[in-house]
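Across the two complexes that follow, chain A remains constant while its partner is chain B and subsequently chain C.
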Partner chain A sequence: MSRPSPKTEILQGLKEIFGPNRVNDSLVRTLVYAQDISPISLLRARGGEKPVLPDFIVWPETVEEVSRLMRLAGQRKIPVTPYGGGSSMSGASKPIEGGIICDMKRMKRVLRLDEDSLIVSAQTGLLGVHLEHHLQRKGYTLGHFPLSHHSSTLGGMLAGRSAGVASTGYGRFEDMVVSLQAVLPDGSIVKTRTTPRSATGPNLNRLFAGSQGTLAIITRLKLRIKTLPPTLSFDSYTYRSFERGVRAARTLLQSGAHPAALRLSDPKETSQTLAGLEKGIKGHLLILIFEGHPGRVTRMMEGAGEICRDTGGKPRGEEPAAHWHQRRFAEGYRKSPVLCRPGTVMDSILVGAPWSRVMAVYEEMRNILSKRARVSATLSHAGMNGATITFAVTCETKVGSEVDLLQALWQDARHAAETAGGTFAPQRGAGVREVRDPAKEWGAAFAWYREIKEGLDPFQIMNPGKIGRGEGIGAGTR
Partner chain B sequence: MFKKYHREIEFCTFCPKMCKFACPVGNATGDETLTPWGRQTLLHLVGQGHIEFDREVASVMYRCAACLLCRQYCDHLIEVPPVMVAAREKAVAEGVAPVEVGEFRGRWSRHNNPFGDDLRTRVKTLVPETYFAKEAQVLFFAGCRQIYHHPSVVKDTFKVFEAMGIDYVACHEGEAMCCGAPLRELGLRDEYEKNASALAERLGGYKVIISGSPACVYELKVMYRQMDLKITPKVYHTTEFLWPMVKEGNFVVRKPFPRKIMYHDPCTLGRYLGVYDAPRSLLAHVLREEMGEFSRNRAESECCGGYGGLTITDEKLASHIAKDRLGEFLESDAATLVTACPACADQFQTADKKIEVMDLISLLARCL
Partner chain C sequence: MTIHLPAAASAETVEKLARIVGKDGLSISPLSRILYSRDMYPVALMHQAEGVTGHYPQVVVWPKKVPEVVRVLKLARSLRLPVIPFGAGSGVCGGTIPVRGGIILDLKKMNRVLEVSGEDMSFTAEAGIMGQTLEMELNRRGFTMGHFPSSIYCSTLGGWVAARSAGQLSSKYGKIEDMVLGLEVVMPSGDILDTLGSPMGTAGPDWNQLVIGSEGTLGVVTKVCCRLNPLPATRRFASFNFPGLEAGIRAMRMMMRNGLRPAALRLYDELDTMLVGTKGDGENTGAGLFDYLPWERLETRLRTLAPGLINRAQRFVGRWAEVANKLEGLNRDGCLMILMFEGEDAAAPFEYENALKICDQLGGKNRGPEPAINWYKNRYHVSYKMSKVFYYGAFVDTVEVAATWQKVEALYARVRDAIRNQAFVMAHFSHAYPEGCSIYFTFISAAADSRKAEKKHKEVWRRAMEATLHVGGTISHHHGVGLSKGRYLVEEMGDMMRVLRCVKEAADPEDILNPGKMGL
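Right after this comes the complex of A and B.
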C-alpha cells in the first residue's frame, strides 16, 4: 500500500483536531480565502490573476485547538496564517506561501465585563463592531473606531496596530490592551498579567502589537473601556491653506485641548466629506469632536475655538463635524464603484510624520503623486507629537495596466515619504505592500525583530512573507 | 453569468466588507465564504472562469437567510438575496442544488404546500364556518405555516375579528394554500410561477387581502405584481389591517397583558414591507408594562434565520442564528418574546423550548 501524500496526512491531522466540519480544503473555500480587499489584490483579481491558494482553512473554537494546530504545523513545517476579518488593505492575511489559514471568527465570545476596573475580556475572533454593540448596551465604549470597524476582529486590530478615527481622544488599539493570551509557534499558551501597569520587566503585550501574525496567534484580550460619554459636541473651521490648518491642529493639541477626534481635509476631500450636506462649505476644513461631561466639554470647546480663530480659522459651526461623524465610515463605500471600473485605479496611502515634518510630507507627496493621479489629503490620528496624512489617489490608465500604475504610484510614494521624513503604515499593518524593506524602515532595530522571530518561530511557519519579504520557508505541502 | 446582477456582484466583490458584521450566516459560521462579500466574490470568480458553478458553489448560495440586513448597511443599496435566488435557479437548472431542495419538491407535489399535508381540511377546523364561501371583498389568507404550525394563531385571529365586529372577511380555502415563497427562495421557479398563477386567479376578485404571515404579504403584494399577476395592491399584514380600527376604539381591552414583553421585528414585515409602527402601536394599546426593545430593532433588527429557505437547506444553521438573536432577550427582564411572523415564532421556540414565544395576534386575543 502506498504512503498517503503529505497533504493527505496533514488533512487527517487537522480533522483529528477540528473534526470534519471545521477543516476545509476545497477550491471554493481556498479561492475565497486567498482574496483580500487591498486595492492591488482587487485589481489583480479584476485582471483575472489567480492568487496563491492556502491548502487548508480551519476554524478553531478553543485555545487548546489553536495550540494543537500550532504543534501540528510545527511538526510538518507548514505555514500558518492567522485570519480575522480579512479586512487588511495591505495583504497581511494573504497566505502567500500557502499552508493553513486559521480563521479565528468562531472564537468570538465576550468573556467578562469587569465594571469596577473598566476592563472587558474577549476572544480575538470577535468583530470590533460587535464588541462595541455589546459595550454600548451596557453603557460603555471601547472608543476604537477604525475605518474597518465593521469588518475587523480584535486580534487583527492588535496584530495590525490599528488606530481609529477617535484615536486622538481614546488612543490607539495597543494602548487599550491590558493583557493578552496567545499561542506561540511551538503550541505553548502564554498569558500576560492583568494589571493596570507592571514595571517588573518589558511590556510583552507590545511585542505582539503590530506583529501581523508573524510571532503568535493572539487568542484573548483584556481591554480598557470607558463609560459612554454623556455629551458629544461638534465644531468646525475652514482655513485658507492646509498649512494654516496644520498649525491650528498642532497648536490646539499641544495646548492641552483633548478632542476625541480631529480631522483636517483639503478642499477636494472636504467636498467628498460634506457630500449630501446642503451648506456649500469649501476649503481646508478642520473638524473637532469633544466628548465627556457637559461642563468639561464646554470649556474645551471654548478653548479650542479661541485657538482656531486665532490661527485664522473661520467658524463653520457644528453641522459639518456632525455630518462627518455620522458618515465617518463612508469612505469604504466609495471604493467599489471606482475599483470595479476597468482602467481605473484607486487607493489610499497613509504617511505618518512628526509635526516638524508634516508639511514637508504633505508637499512632497502631493507633488509626486499628482503627476500621475488626482490626489486629496486628510490629516488625522493626530497627537502632541505628530499626525498621519492619508492621500487618496484616483487615476485612469489603459485597461490591463492598472497594477503597474498602482505599483508605480507606491514607488513614488515611498520615495517621497522617505525624502520628506515620513513613515509608512502608521495606522495599520504593513502586510506585504507598504513596507518593502523593513531593514531600511527600522534601521538596526530590524535585527532585534529577526532575533525574536527566530527565537519564537525557528521554522518560520508564522505568516511567512510578512515583515520582511523572502524570509518565508516556502515549505508546506508544495 | 448573471448579467442582470452584474452591478451587485461587482460592487460587493470590490467592497471592503462594509456589511459583513450584519450577516447572520457569516456571524454564526465564522466562514468568510458565507458573507455577502464571500458569496458575491465566488460568483465573480465563477464569472471569470476560475471555478465551475458546482455543487459546493451552489451550497454557498443556499446559505443566505435573505434577511436583507446587508442592504441596510450598504450606501449603494445593493440587495444580495435576489442574486442568491438567481444563483439557486441556476443550481436547480443545472442539477447541482442541495439534496434538500429535491426533497422539498417532493413534499410540495403532494398538496401544493411545504408540509405535504392537506391544509384545506385543516383550516376548516380552525375558522368558524360562517367565514367560508361567503361573498366578501376582504380575504384573510392564513398562510400554510400559520395553519400547520400555529393553528391557535389562526383561531385567535378570528376571535379578535369577532370581538371587533369584523364580519365582512372571508377566509381563503382552495387547492393553493401556500403563496409559494419557499419555492421562489429555493430557486424552483417553474413550480413557483405555476402556483402563483393558480393562486392569483383564486384571489383576483378581492379588493383587500390580509395575512398574519409577512412572507405571504410580501409575495402577494410585491412578487406577484412583479409577475404582472392580477391581484389587488391592497395586501396587508394583520397588524396593519387592525391598528386603524383599534385606534378608533374598536378593541376593548378587558385584561391588559400582564407580563413584560420584548418585540422582535420580522425581516419580512420590517425591511421588506416597511411595517414597524403598527405592531408597536397595537402592543402599546394592550400592555400593562412598557414594551422591551432589542438594541438592534426596526430596520436594524437582526434575523431569526427563518427566511430565505435556510430552514429547509440547513436547519441547524438556521437554529444557530435564532439562538444568537435570543441572547439579548435571555439577558433582559422580559418574560415573553412577541413577534408577528409564524416563521420567527417557530425559529425562536425551536431554538429554546423553555421561553414563551407569542404571536402578536394571540397576545391581543388574550386581552379580550
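Right after this comes the complex of A and C.
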C-alpha cells in the first residue's frame, strides 16, 4: 500500500475542517484565484504567462475554522494567502508560492451595531458596499468609499491601508478601526481592546494595517461610523494652473473648512471626469463636496467659496462635482478595456507629499513620466499637512515588451518622487516587487518588520514571498 | 538618614561614556543618581519621603545629538546595561524608574525647534524640548500645537510621544498620536528609524503608531514632527449644571455625535462638583478637602502641645476621607459641565450655540461662563497641589480610564464602588470622542504609616484596575502603563500580549531599553 501523497492528505485535512463543499482544487478555481488586478500581473497574463496556481481554495465561515486552518498549515508548512475581493493592485493576494487561498468572503456578517458608541462590528469578508448599505439603512455611514467599493472587503481594506474618495473628511480606513480580531500563523485567536483611545502601549491595530496578510488573518473589525449626513452639497471651480488649484486646496483645508471630499484634476483628467457633461468646461478642476448639518454646510461652503474665488478660481457650480460623484466608482471599470489591449500599458502611481513639496512632485513626476507615457494627474486624499497625487500613465509599446516598459515607468517614478521629496502612498499599498523596495522605503523599520514576521510566523506560511522575506512590497510574479 | 546607594558605573564604563558625551555629559554623583531614581509615581514619592527610593541608575547621561545617542545605545548593548530614556520625569506610573539600574538617558539637552512650516502646518523639534517652551515658541510664530497636558511645564515632547499623552483640549486637537506626522527613533541596534521624510505615510504598518506609547521600551525618540494649528481667533466659555451624571454624559455624547468639537469638555461627578463649585477653580486634587479644616494651624498647635497626637490626626485624615464620600448626599447642584470652544471666527460661535442647545434640551441649567473661565485660568495648578496632600501624611493619586459610551456609566459605577470604602474618590469625565470618553478618578486616603499607606494605595489600584477590566474599559487613557500597571496591561491585552512581546523582542532582543516595564 502506498502512502497517500501529501497533497491528498492536506486535502483530507481541509475537508475535515471545511466539509466537502468549502474546499476546492479545480483548475478553473485555482486559475481564477491566481490573479489580482495589478497591472503588471494582468500584462503578464495577457502575454500568456501562466501564473503560479494555488493548490486549494477554502472558504471559512467562522474564526475557529480559520484557526484550525492555520494550525493545519503550520503542521504541513504550506502557505496560506488571505483573500478578500481580489481587487488589489499590488499583487498582495497572489499565491506566489502556491498553497492555500483562504477566501474570507463567506465571513460577511455584520455582528453588532452599537448606536450609542457609533461602532459597527463586522466580519472581514464583508464587501465595503454591503456594509455601507447596511449602515445607511439604519441612518449611518462608514464614510469609506474606495474606487473598489463594490469589489473589496473590509479585511482587504485594512491589509492594504485603503483610502476612499472621502478620505479628506473621514480619514483613511485605518483611522476608522477601533479594534480587531485576528488569527496568528500559529492558529491563536487574538484581539485588541475596544476603547475610544488608550495609553496602553503601541497601537497594534496599526501593525496589522498595511501588513498585506503577511502577519495574520484579520477576522473581525470594529469600525467607527458616523450618522448619515442630512445634507450633501457640491461645488466646483476651475483654475488656470495646477499650482493655483493647489494653493486654493491648501488654503481651504488649512482654514478650518472640512470638505468630505476635495479633488483637483489637471485638464486631461478634467475632460475625462466631465465626459458626458455638455458644458465645455476646461482647465484645472477643483471639486468640493461638503456634508453634514445644513447650517454647518452652508457656512463652510461660503467660507470655501470665498477662498476659491480669492485664489483665482472660476465658479463652475455644483454640476461638475455632482457629475463626478455620481460616476466615481465607474472609473476603474472604464479603464479595463484599455488594459486588455495588446501593446498598451496603463497604471496609476500615487505619490504623497507635504504641501511644500506637492508642486515639486507634480512637476518632476510629469517631466519624467511624460518621456515614456501620457500622464494625467489628480490631487486627492488631501489634509492640513499635504496631499496625494495620482498619476495615471498610459502608453503604447511593442507587444511583448509591456512589462519591461511598466517596470521602467516605476523606476522613473521612484526616482522622480525621491528627487522631489514625495513618497509612494500607502493605499497603493504595495506595488509590485519589481518596482517597490521596502528595505529602501522603510529604512530601519524594515529590519524590525522582518524580525516581527519571524517571531509571529517562524515557518513563513503567511502569504510568503511578500514583504516578510524582503523581496519587495507586495507580490512579484514568477 | 543614610542612603545606601548601590555601586555606580565602573570607571571603565564612565570613561567609555565620557568619550561619547564628554565628561560634562554624564554624572555618577549620588545626588544625580538619587534625583533620577524616581518619577512622580506616588509610591516612589512615599518611598522618597522615607529617604529610600530603591532603584538607582548607575549613571546619568545627557546626550546633545543623535550620533551620541546611537553610540550610547551601542555601548550599552555591548555592556548589557539597561538604558532608560528620560524626559522630564513627570510620569506617574514609574515608567522611568531604573528598576534594573543602568543608564538614564536624559534627552533634555536635545531641545531645539528645527523647523516650523506654515505651508505644511507642521513643525519638527528635538524630543527633549519642554512642553511649555515649545508651545511658546510656536505661539510666537502664530501657531499652537494644541497639546496642553497639565504637566506642560514639566514634561517633554518625547515623553508625550512615549506615553501616548493627552492634553486638556484633546477633544478638539486630538491626542499626541493624532498629531505626530513623523519620528526619528534610535533603535536598540543603533539603526535610525526615520519617518520624518514621509509625513503622508508609506506602505506597510504605521511605524509611528508602534513607537508612540512604547514608553521607551522599543527605541529612543530623538525628533518629532507634528501638525500645527493656527492660534485660535476666538474663544467661548460655558458652564451647565446637570441634574445627574446620566444627563451630563448624554450631553457630551450628543455633542461629539453631532460633530461638535469643543476644545474643553469636562463633566464633574457630584463630589467633584461640590469641591469645584466651592473652590471655584475648576480643578482639584482633593487637596481642597484640607482647606476646609485648619490643618496647618492645628498641626502647629499639636506639635507644641501634644506631639503624640499628630499621628492620630493623620490617621483621622484617612477616616475622614471615607466619611467625605458620603458628602455627595449634600450636593444640591447636580453635576457641573464646563465647555470651551475655540478656533476660527466663524466656527467657534456656531459650535458654541449648538452645544448650548444640546445642554438645554437635556436639562442642563446654564451657569454662565465663569466656572469654565476659572477652570481655564487654573488648569495647570492641579499637579502642584498634590504635594500638600502628601505633607499631611495622606496620599493622592489619579486613575484615568476610558470606555465606549455604552460602557462609560458602568465603568464609573464599578470603579467608584470598588474603591470608595478605601479612599475618598471623585471623578470627572473628559477627553470625549464620538465613540466614548475617559474618566479621571482622583482618590485620596491615608494610613498610619508609609508601609500601610503603600499597601492601601496598591489595594485601591488593584480594585480600580480589576473593575475597569471587568467592564471592558482600558486601564489607561493617557498616563501610560510604566511600572505600576504592567500586570494589568497583561490582563487587558490577553493573548495579544504575545504580539507586543514579539514587537519588543524584534526591536530589542537583549532587553536593553527600559526593561521591566509595561508587563514586558
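We adopt the following convention: the second predicted complex is superposed on the first by the 460 of 478 C-alpha atoms of A that agree within 3 Å, B and C clash if a C-alpha of one lies under 4 Å from a C-alpha of the other, contacts with A are read in each partner's own complex, and residues count from 1 in each chain.
Quick note on the criterion: a residue touches a chain if its C-beta (ideal position, glycine included) is under 8 Å from a C-beta of that chain, and two chains touch if they have at least 3 such contacts.
On a predicted model such as this, the values are computed, not experimentally measured, just so you know.
K.L.:
Let's test your reading of the overlay: on chain A, do chain B and chain C clash or fit side by side?
P.N.:
Aligned on chain A, chain B and chain C fit with no clash.
K.L.:
When the two structures are overlaid on chain A, which partner does A:L277 contact: first (chain B), second (chain C), both, or neither?
P.N.:
neither
K.L.:
Examine A:E454 and indicate which partner it touches, taking first as chain B and second as chain C; both and neither are also allowed.
P.N.:
second
K.L.:
Quick one: classify A:G421 as touching chain B (first), chain C (second), both or neither.
P.N.:
Touch status of A:G421: second partner only.
K.L.:
With both complexes superposed on chain A, which partner does A:P337 reach: first (chain B), second (chain C), both or neither?
P.N.:
In the superposition, A:P337 contacts chain B only.
K.L.:
At the Cα centre of chain A, what angle separates the centres of chain B and chain C, to the nearest 10 degrees?
P.N.:
The three centres form an angle at chain A of 130 degrees.
K.L.:
Considering only touches as defined above, state whether A:A408 meets chain B (first), chain C (second), both or neither.
P.N.:
neither
K.L.:
Is A:W355 touching the first partner chain B, the second partner chain C, both, or neither of them?
P.N.:
second
K.L.:
Contacts for A:Q254 in the overlay, against chain B (first) and chain C (second): which applies, first, second, both or neither?
P.N.:
second
K.L.:
State whether chain B or chain C is in contact with more residues of chain A in the superposed arrangement.
P.N.:
Higher number of touched chain A residues: C.
K.L.:
Of the partners chain B and chain C, which touch A:V110 in the superposed model: first, second, both, neither?
P.N.:
neither
K.L.:
Minimum CA distance, chain B versus chain C, superposed model, integer angstrom?
P.N.:
21
K.L.:
Sort out for me which residues of chain A touch chain C in the complex.
P.N.:
114, 116-119, 161, 174, 178, 184, 188-212, 224, 226-227, 250, 254-256, 292-293, 295-296, 299, 303, 352-356, 384-388, 421-426, 428-431, 436, 438, 441-445, 447-449, 451-452, 454-456, 467, 473
K.L.:
Quick check: in the complex, which residue numbers of chain B touch chain A?
P.N.:
10-21, 27, 29-33, 37-38, 41-42, 44-45, 48, 50-51, 54, 56-57, 60, 73-76, 295-296, 328
K.L.:
Where on chain C does chain A make contact in their complex?
P.N.:
Chain C residues touching chain A: 117, 119-122, 163-166, 175, 177, 181, 185, 187, 189, 191-195, 197-207, 209-215, 218, 227, 230, 253, 257-259, 343-344, 346-347, 350, 402-406, 431, 433-438, 472-481, 485, 489, 492-496, 498-500, 502-503, 505-507, 509, 518.
K.L.:
Quick check on the complex: what are the chain A residues that touch chain B?
P.N.:
Within the complex, chain A touches chain B at residues 26-29, 31-33, 35, 37, 42, 45-46, 48, 50, 59, 83, 85-87, 89, 103-106, 108, 125, 127, 129-130, 133, 136-137, 147-148, 150-151, 329-330, 332-333, 335-337, 339-340.
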